[in-house]
Amino acid sequence: MTRGFYIGRFQPFHEGHHAMVERISEEVDELVVGIGSADQSHTVRNPFTAGERIMMITKTLVEFDLVTYAVPIEDLNRNSVWVSHVQSMSPQFDVAYSNNPLVVRLFEEAGIEVRQSPMYQREEFEGTEVRERMARHGDWETLVPDAVAEVIDEIDGADRIQQITATDANGANGNGDPADE
Amino acid sequence: MTRGFYIGRFQPFHEGHHAMVERISEEVDELVVGIGSADQSHTVRNPFTAGERIMMITKTLVEFDLVTYAVPIEDLNRNSVWVSHVQSMSPQFDVAYSNNPLVVRLFEEAGIEVRQSPMYQREEFEGTEVRERMARHGDWETLVPDAVAEVIDEIDGADRIQQITATDANGANGNGDPADE
Amino acid sequence: MTRGFYIGRFQPFHEGHHAMVERISEEVDELVVGIGSADQSHTVRNPFTAGERIMMITKTLVEFDLVTYAVPIEDLNRNSVWVSHVQSMSPQFDVAYSNNPLVVRLFEEAGIEVRQSPMYQREEFEGTEVRERMARHGDWETLVPDAVAEVIDEIDGADRIQQITATDANGANGNGDPADE
Amino acid sequence: MTRGFYIGRFQPFHEGHHAMVERISEEVDELVVGIGSADQSHTVRNPFTAGERIMMITKTLVEFDLVTYAVPIEDLNRNSVWVSHVQSMSPQFDVAYSNNPLVVRLFEEAGIEVRQSPMYQREEFEGTEVRERMARHGDWETLVPDAVAEVIDEIDGADRIQQITATDANGANGNGDPADE
Amino acid sequence: MTRGFYIGRFQPFHEGHHAMVERISEEVDELVVGIGSADQSHTVRNPFTAGERIMMITKTLVEFDLVTYAVPIEDLNRNSVWVSHVQSMSPQFDVAYSNNPLVVRLFEEAGIEVRQSPMYQREEFEGTEVRERMARHGDWETLVPDAVAEVIDEIDGADRIQQITATDANGANGNGDPADE
Amino acid sequence: MTRGFYIGRFQPFHEGHHAMVERISEEVDELVVGIGSADQSHTVRNPFTAGERIMMITKTLVEFDLVTYAVPIEDLNRNSVWVSHVQSMSPQFDVAYSNNPLVVRLFEEAGIEVRQSPMYQREEFEGTEVRERMARHGDWETLVPDAVAEVIDEIDGADRIQQITATDANGANGNGDPADE
């Protein structure tokens, strides 16, 4: 039995992530999906809560013949203990998947196997693209799995991003701090 | 579709919890199992990590015909924001299950429906009992579902509790602080 | 112009505190009332939120011919920076009032004048007494100013304490942690 | 009786804020002035401590025929619990005033009435303008109420901003971190 | 070259610790002395600041022909990341010394060699004894190295403990929280 | 006996710092070297852990005829309590050395003597220069003391910076947050 670990912020979970999971599913029996920055929400970069992201991921991954765990990981803001933190919040795993050089470095320094793929490079680009399309009322639905689009519609997610982006345009609150001037 | 929320520390998940979930499963279509004090581990009262508890719960609940989510909830140590914290970490839910008067109070003040049952009273008693039997090499296996016993065996859980309990007996470190005298 | 600083938890603000303010009011022109453990609420020892305590204090002190400031002070859990923390949250003050030996020590080590009075000794006793009478449906109203009794009635405060106390009796949650067994 | 809640950082409290309070005072009987980022001070963006800002606000608002509460609100850095945090630190309020889209969004998601006004748009602009004039020895006094100018003079506030701005020019410490290279 | 790691709270550093270092010095070339609960001070159990404890340890250990590092370790209150935290704050070490079963467990789970000795059992006992003698004006000087007694005298340490103990006797503040009733 | 305090991040400790210590050593008998942002590591701006920096400083300063203490100082992110925090973590000192205007301001507001020197201006520049040379495989060794180069080689430090810098180039993770898209 092999269990993999795949970390992301999933703001939101999009087709790039979906393709990644598809690929990983060929290599493992079980997959832990670690939801990073779980304590963040309602900002331009992190619009959705951990609970909302759990929904997106769970609803999308039911189609896979793969036992999956969606696990929120709160930020500790200490890179030196990040691997231990992840390990304590997650079911034990054998191999980690990431293309983020910092994540790769931290896992490697801790002696954990990491597998990379050029494919991951789509991820960052696509996440930003989805959020920007949402903000300017563009077509974002085609960039995410259907189940994710449904979750976002239910929680009025595009509307939230549009309103939060307005905050930034004002310059009032670029980093998502509710205390305005 | 009704989704319920059931909070506990699950140190470990035992037959009392199992019976509770059985009962709740008659009333809801989906169940979120909130794992409280998710940041605590390796103490007499909280021996297991969040990841280990996710394993126990997920392995046990596969038998139920019920969509379940096991969601770790870290302590914020501020009762006044606890309900909001739980809501942000969990898929949206319609009704909460608890017999803990503080939890009931907090949910009620926030206008969320809470269902209680005398049955929950077993919980606290059984959790302590399981841990004490583990500590003194007693028969704890009969108090937990088989899947939980397997997880605990795999991670050498009884051994961990025995060692941690020794800390307390020394008086060195009753509250699980690794800095001894 | 002399400004005094008087720190307490005010759970709730009672006649002992009231008498203290009366006495201090003879010595200062303005008084800062620092509300300690402002981040705590809904526990047996700290039942009321900072906002509720601000109401109690402000409503009671309008009768005094004294400029008063009710300032919540959150716990930092580091005694070594406590005086600096208090100074940054409070309007500048000339003298502190306390009978708590730790507070006296911390202010003295920081070179700030502290005035003590045997009278303060009533405070701890009375706070516990008020909360216990609330918990067992006793006569607590006579131990607090009328304005405080009104605030507590409005927020259903006695009921909250009774419910929280039940938590403790169960042994489920003595330190006010909402995650039960 | 209607109580309003008005949140800002008030770094410092300026004529824009003053005009806002004037307008709000026509609609409410009591006003809570929430001082955001209360834990921040001595940075270019947040030069003044919570205590200093309490002084500015209290001294200015005595002129109004309005019961006011100046309440420091520390950052929790979790938008999802921000409304609960504010509610626990503040006397209970009926309506919130803000033009910050994030604040509006958070209050609306929590079901709290928010009133906006084009007037608020002055706020962010004016705060930055006041701090920049202070930094370059310009005429900032005309942009703030007289009582605020007095408080700032007493604490040597312009001098503090000039010194902190020097930090930034060095590039040593743009975000107010005292650990230089 | 072998470097050892020895963790304690050192409140204060006493003859039991001294004997331990003597023994360890026979086995290693360099020794890191980790000062636990470095963020705590001015309580009955943790009277001295990290800086004061650094002084005690450094002044005492100059006599040894051993390179030593006195490193304060702040509490993170998460056992699962404790080893990583210690490793990031300390120069790299080959072997840890402790008799605290929790510490032994945590290091062992992380695959780090730990050496124990019955001798360590003196530690907890002696720390409590020294503090109690200080509190009741007894002869504590004979239980600590001369250099430690000098540091404590300079900072008026016995006086601090006596004053803090008075707090506890009052019942006002048993856990070192400066907010009294 | 005079003890000085010199604060920096020392990422890494370079010749500019070395020259500063040389100069300070003429004025004091003992020197505390405060290692700022001790909790940060594995980022472009803060690549090395506190433990690694302790090694660099201790190995370099053995050559001086000066008692030195290398003390990690974790960020509290509250400027108003920063001086108290530093004082509690450090052996007591008589004079602070810094050219960072914010540090100067904070010490001055607390009534502590600060000595500045134009020489300090090299520091920020040199720190950035060393890290950039490491990132692009340039000659960084000549900018740091030999002992520092050895420590960095042992921990594969240049390699770490190169890998972390890759993270930034991807835009994935500019502020050192391991949760990628």
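The letters A, B, C, D, E and F name the chains in turn, as written, and every chain counts its residues from 1.
Assume contacts are C-beta pairs under 8 Å (C-beta built on N, C-alpha and C of every residue); 3 or more make two chains touch, one makes a residue touch a chain.
None of the values given here were measured: they were computed from a predicted structure.
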Same vs different contact residues, subunit B with subunit E, by half of numbers used: different
Between A-F and E-F, the pair with more C-beta contacts: A-F
Approximate Å spacing (C-alpha centroids) for the pair subunit B, subunit F: 44
Centroid spacing, where centroids are CA-atom means, of subunit A and subunit E in whole angstrom: 42
Rounded Å distance between subunit C and subunit E, as computed from the means of their C-alpha atoms: 34
Per-residue multi-chain contacts in subunit F, two or more chains: 41, 49, 78, 80, 87-88
Arrangement of touching chains [line / ring / star / complete / other]: other
Touching pairs among all chains present in the structure: A-B, A-D, A-E, A-F, B-C, B-D, B-E, C-D, C-E, C-F, D-F, E-F
Parts of subunit E lying in touch with subunit F, wherever the complex brings them together: 38, 41, 49-52, 54-55, 58, 69-72, 74, 87-92, 155
Residues of subunit D defined as touching subunit F within the complex: 39-43, 49, 160, 163-164, 166-167, 170-173, 176-181
Of subunit D, residues touching subunit B in the complex: 76, 78, 80-81, 83-85, 87-88
List of subunit C residues in touch with subunit E within their complex: 7-9, 11, 34, 36-37, 73, 75, 77-80, 82, 98-106, 120-121, 123-128
